[in-house]
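The following blocks contain the structures, represented as structure tokens.
You will see two complexes here that share subunit A, one where it goes with subunit B and one where it goes with subunit C.
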Partner chain A sequence: MSAAKRPSPSLTLLLAASAALGGQKSVRADETGSTQSVGYRFNVYDEDSFSGQPVIGSPERYHVDSQQLALNTGIGDRNTLTVDATHEVMSGSSPWYVVPGPDNKPIQVLSGATIRDHRSAVQAALTHDAGANDTTSVNASYSAERDYHAAAVGAEHATPLDPALTLAYGGSFSHDLIRPTDAELYDRIERAQKNTLSAFGGLTWVLNRSAVVESGVQINYQNGYLSDPYKLVTVGDDQLPDTRPDRRTEGAWLVRYRYAVTADAALHADTRVAMNSWGQHSLALEFSWYQRLGGDWQLVPGLRYYAQDSARFYAPFFAENADAYFSSDYRLGAFGAIAANLNVRKRFGHWELTAGAERYHSATSYALGSSGVPDPAVVSYTRIYAGLDFHFD
Partner chain B sequence: MSAHVFEFSSMGCPCALHLETDDEELARRARAAVLAETDRLDRKYSHYRDDSLIARLCADAGKVVDVDEETANLLDFAAELHRQSGGLFDITAGRLTRLWDARAGRVPDAGEIAAALRVTGWHRVEWRRPRLRLPLRGMHLDLGGIVKEYAADRCAELCRAAGANAGVVDLGGDLALIGPHRDGTRWVVGIKAPRASGRAAARIDLPRGGLATSGDYERALIVDGRRYSHIVDPRSGRPVAGFASVSVVADTCLVAGAAATLAMLLGVERGGEYLSELGLPHLCVDGDGDVSGDIAN
Partner chain C sequence: MRPDPRTLLLIAVVLLAGCATQPVQPWERGRLARWDMRWDPDPLQAAMTQHTYFSKEGTAGEIGAAGGGCGCN
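After this line comes the complex of A and B, so read on.
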């Protein structure tokens, strides 16, 4: 009997049914196990300041402190409810517009006064397990800050096509409302809205006892006000408001691979390629290693690579422009980034402590394809977090 | 390298623990663990004892009872087997099994069979983990076909946890491997020939997990020279006329036992197809003594 052959459906069913009764009783290194729990997280996000570069305005960039409370609980035998509440305090200056300096090198102008703002958000999801790995879930979320409100709903369904293959699909809709601060003072639009419609479909295939692969596609469609009301663009001698098309379609394909190397170690490898109707393409690669150590410790180091090219109507600044759209937002430019992160967890009875750090470095030289003009605003940041979870079971 | 063989009796059958170790203390610990575990499971799930958990669940018929996690896992497994076998594998067939038990010594009449059928049927049971309700008084749970095999796996796990890594647990012919011989070679085990006590139908080496045998030779009712299998079809109330015995090798004795029992219940033709589709090494002996299957694989 060849080892590479997939097990018969009946055997797979028998094995699955008997799983709880012994043999491989230990939980895999990267499984959290379904738990009823409540948890708290504190997160600090700090962008690198513009040091050593010519800028106009305060060189300190964004800093965000956030706190999050999460609840995961069962309702009856077949339902799970998760509720997440987040509160963030943001401060710092952000890129406003770019002007050409000597030799046409771009100089970033940052918003002057540091903004101190806060954002609150809540999201909830209800999942129903109909049995035999068939699950349906609905979710809703709401986020509010001084100038931005967003509400979203979504649903998804996962069902096994055969014992080793699961199909998942779903969709979501989001409605965002923006009311920029100081609209009159800076001649910004007073209010605007945007809608996002999203759909995805994917297949998860259990290759064997140790490996699972998932592949899916996602399509997003946005319409409404998609520009950034706080950003200006240098066009010739003027600074004009950031002006982007009022619709955008994006398609993405992702592949995720999970491999249990031993009972205590697992590898996760994810890749995502995307393209959108603004002419951008992107590639993301992420690797994580889940290592269980003695004494209920777990270590998860990870590495991430991201690269994109620029939107059709992007440039740090424009000489003269007959085109309808123009933006110098660095997030529409060509750049790439590498990030390294580490998470540490320790379990004490019902409690679990988690802490971690991430260092993200981006540069236009890592861009997909040729990077064109370097954008001074590409951001690098450091993030650290810590949290505590209490597991009820 | 000392080979220890410890023979004992549990779950109504002759059992043995085979261990290879130089460590006397380890052998002692493993023996104690196996004795304790088989005793525990026998007390809990035997359908011949009045004080077992099974007996109490049956006595509580009509009421909603919360069962413990181990029982819940076994019931989930039984429910899945019931579904996969189209209702043939039914742990509520306890009344029927008792009717056709060898110890009764006689063939039950139609009235008795009808009465037993009235209180048989897993589809009638309300089971939503961890809540169980047997709706009818007289309903009788029989976990034979699951518990002995589960016990073998558990004993093997306990031996491994105690530090043993070479041995076999044998509970009345249901085997769970602790680990291959110290020199790496596989254990060679005999599969009893049905209806010819003392003779082995086959000797195979056990590569992994477990070997379970479902057969009518030890517990069959014999009346007027006719043999009635103790494996009863819960829909007709009568013994199945199928293989005389089926042996299956799988990663666990539990899965092997479930496959063997299902193959016995399905009869010769469908049982044979089922075993082929399953793809596990198996051996079947039919009523004429003819042997089939690819267990040597």
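After this line comes the complex of A and C, so read on.
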């Protein structure tokens, strides 16, 4: 795990809110899709190895096999319950620290022992529809790894402002507990905590008979231990623990657009601009095309571009100890990524098969602004998945 | 590679072509109600995808997300 990276539960709320936004609800009043279903997914995530690069340690990077199971059911006339469970098995080597090589070219040092861990998570959400597209949702989640536990609760409300415009807002709180493995052996912190408080607000606007747009703002505030206990930083001739500020405030502006281009095709366009108090900015652009084919087949190709700049205290390595904070985690550095994905679906009565793949290629040359010294740990990966849904109605 | 402002402008113009607003009556919302017009037609897959992005990218605030926990290295 990486202590500083944990999905904000409030973003889950934003997703839930998006689904529940009255504008969408109202257009879904005559929706033909099922609201009661059971779904299963199997995902294989595999990072590219460090082939061709000078590294110290195993060049084989992370591999994750994930299984997901979800139940979506009605309770009475006005309530919907969604329960998701996830189990992941992770293995491989992880970037540990970077040392300067000849001409100051960075050489990646990887974790000495191959990591083997697993994560189990469960999440439940209950949504009450009070009528007239006025909805309230509450949710809770819990995730457990050998060294990381996270618990979160949240709530949100959506209410129509007029027939075309719906307001949604909400908030959440999460508490995470970190107990790094081999803490004594590697002089890591033995136990730490962090809290995340999130709030969001958004508007959904039905533009016309074929288009709807959503715009929202998300604010996250974190405090506690936000460093990564498993990473070191080269400072001069020494390797010191990754040390980050104990607070971070993040803000993001999100816009999502759906356009029914024809009776059998729809365009999805999503954008996000984000920034945080550590000095990072990012841009994400995502496009998908949903094409219905004959015989209940569906084809969904998609493209995504992502770019970020670096945190103020990031560098692959430091010549001297000039600041209170320093990190060599590539996720805090400047890089960008281009991802392409393809999903194929086929419906057989109540059953629906889905399968797909994603190729994610990242590079420091895609970054926002100057990337400085390229970080050798920037990751590219391939992901494949398959799944089966059963729709009760 | 950085985004070309002219390309972004062109994309915006194309997208906004579908943004002409018209009052929409309830019986005119058939297209909007389609499965492929949902924000996330496949929530399970969207959750996994966003969880992966969260694990590998430096800024939060992704469009939709997975639940808590990390599972990232």
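To be clear about the criterion, the second predicted complex is superposed on the first by the 360 of 393 C-alpha atoms of A that agree within 3 Å, B and C clash if a C-alpha of one lies under 4 Å from a C-alpha of the other, contacts with A are read in each partner's own complex, and residues count from 1 in each chain.
As a working rule, a contact is a pair of C-beta atoms (placed from the backbone, for glycine too) under 8 Å apart; a residue touches a chain by one contact, two chains touch by 3 or more.
Because the structure is predicted, anything quoted here is derived from the model rather than measured.
Engineer: Touching A:D77 in the superposition: subunit B (first), subunit C (second), both, neither?
Structural biologist: In the superposition, A:D77 touches subunit B alone.
Engineer: More residues of subunit A are touched by which chain, subunit B or subunit C?
Structural biologist: If we count touched residues of subunit A for both partners, the winner is C.
Engineer: Using the touch definition from the top, say if A:Q308 reaches subunit B (first), subunit C (second), both or neither.
Structural biologist: second
Engineer: Counting only touches as set out at the top, which of subunit B and subunit C does A:A269 meet: first, second, both, neither?
Structural biologist: A:A269 contacts subunit C only, not subunit B.
Engineer: Let me test your reading of the model: by the given contact rule, A:A355 touches which partner, first (subunit B), second (subunit C), both or neither?
Structural biologist: In the superposed model, A:A355 contacts neither subunit B nor subunit C.
Engineer: For A:L283, is the partner it touches subunit B (first), subunit C (second), both, or none of the two (neither)?
Structural biologist: second
Engineer: Which holds for A:L203: it touches subunit B only (first), subunit C only (second), both, or neither?
Structural biologist: In the superposition, A:L203 contacts neither subunit B nor subunit C.
Engineer: Which subunit A residues lie in the overlap of the subunit B contact set and the subunit C contact set?
Structural biologist: 1, 5, 7-8, 11, 14-15, 18
Engineer: Along subunit C, where are the residues that touch subunit A in the complex?
Structural biologist: On the subunit C side, the touching residues are 1-3, 11, 15, 18-24, 26, 28-73.
Engineer: Which subunit A residues qualify as touching subunit C in the complex?
Structural biologist: 1-3, 5-9, 11-12, 14-15, 18-19, 24, 26-33, 39, 41, 43, 45, 62, 64, 66, 68, 70, 84, 86, 88, 90, 92, 94, 115, 117, 119, 121, 123, 141-145, 148, 150-152, 163-164, 174, 176, 206-214, 218, 220, 230, 250-252, 254, 256-260, 263, 265-267, 269-270, 272, 274-276, 280-286, 290, 292, 298, 305-308, 311, 331-333, 336-337, 343, 354, 356, 358, 360, 362, 365-366, 368, 379, 381, 383, 385, 387
Engineer: Which residues of subunit A touch subunit B in their complex?
Structural biologist: The touching residues are 1, 5, 7-8, 10-11, 13-15, 17-18, 20-23, 77.
Engineer: Which part of subunit B faces subunit A closely enough to touch in the complex?
Structural biologist: Interface residues on the subunit B side: 73-74, 76-77, 80-81, 84, 128-129, 150, 153-154, 157, 209, 251-252, 254-255, 258-259, 274, 277-280, 297.
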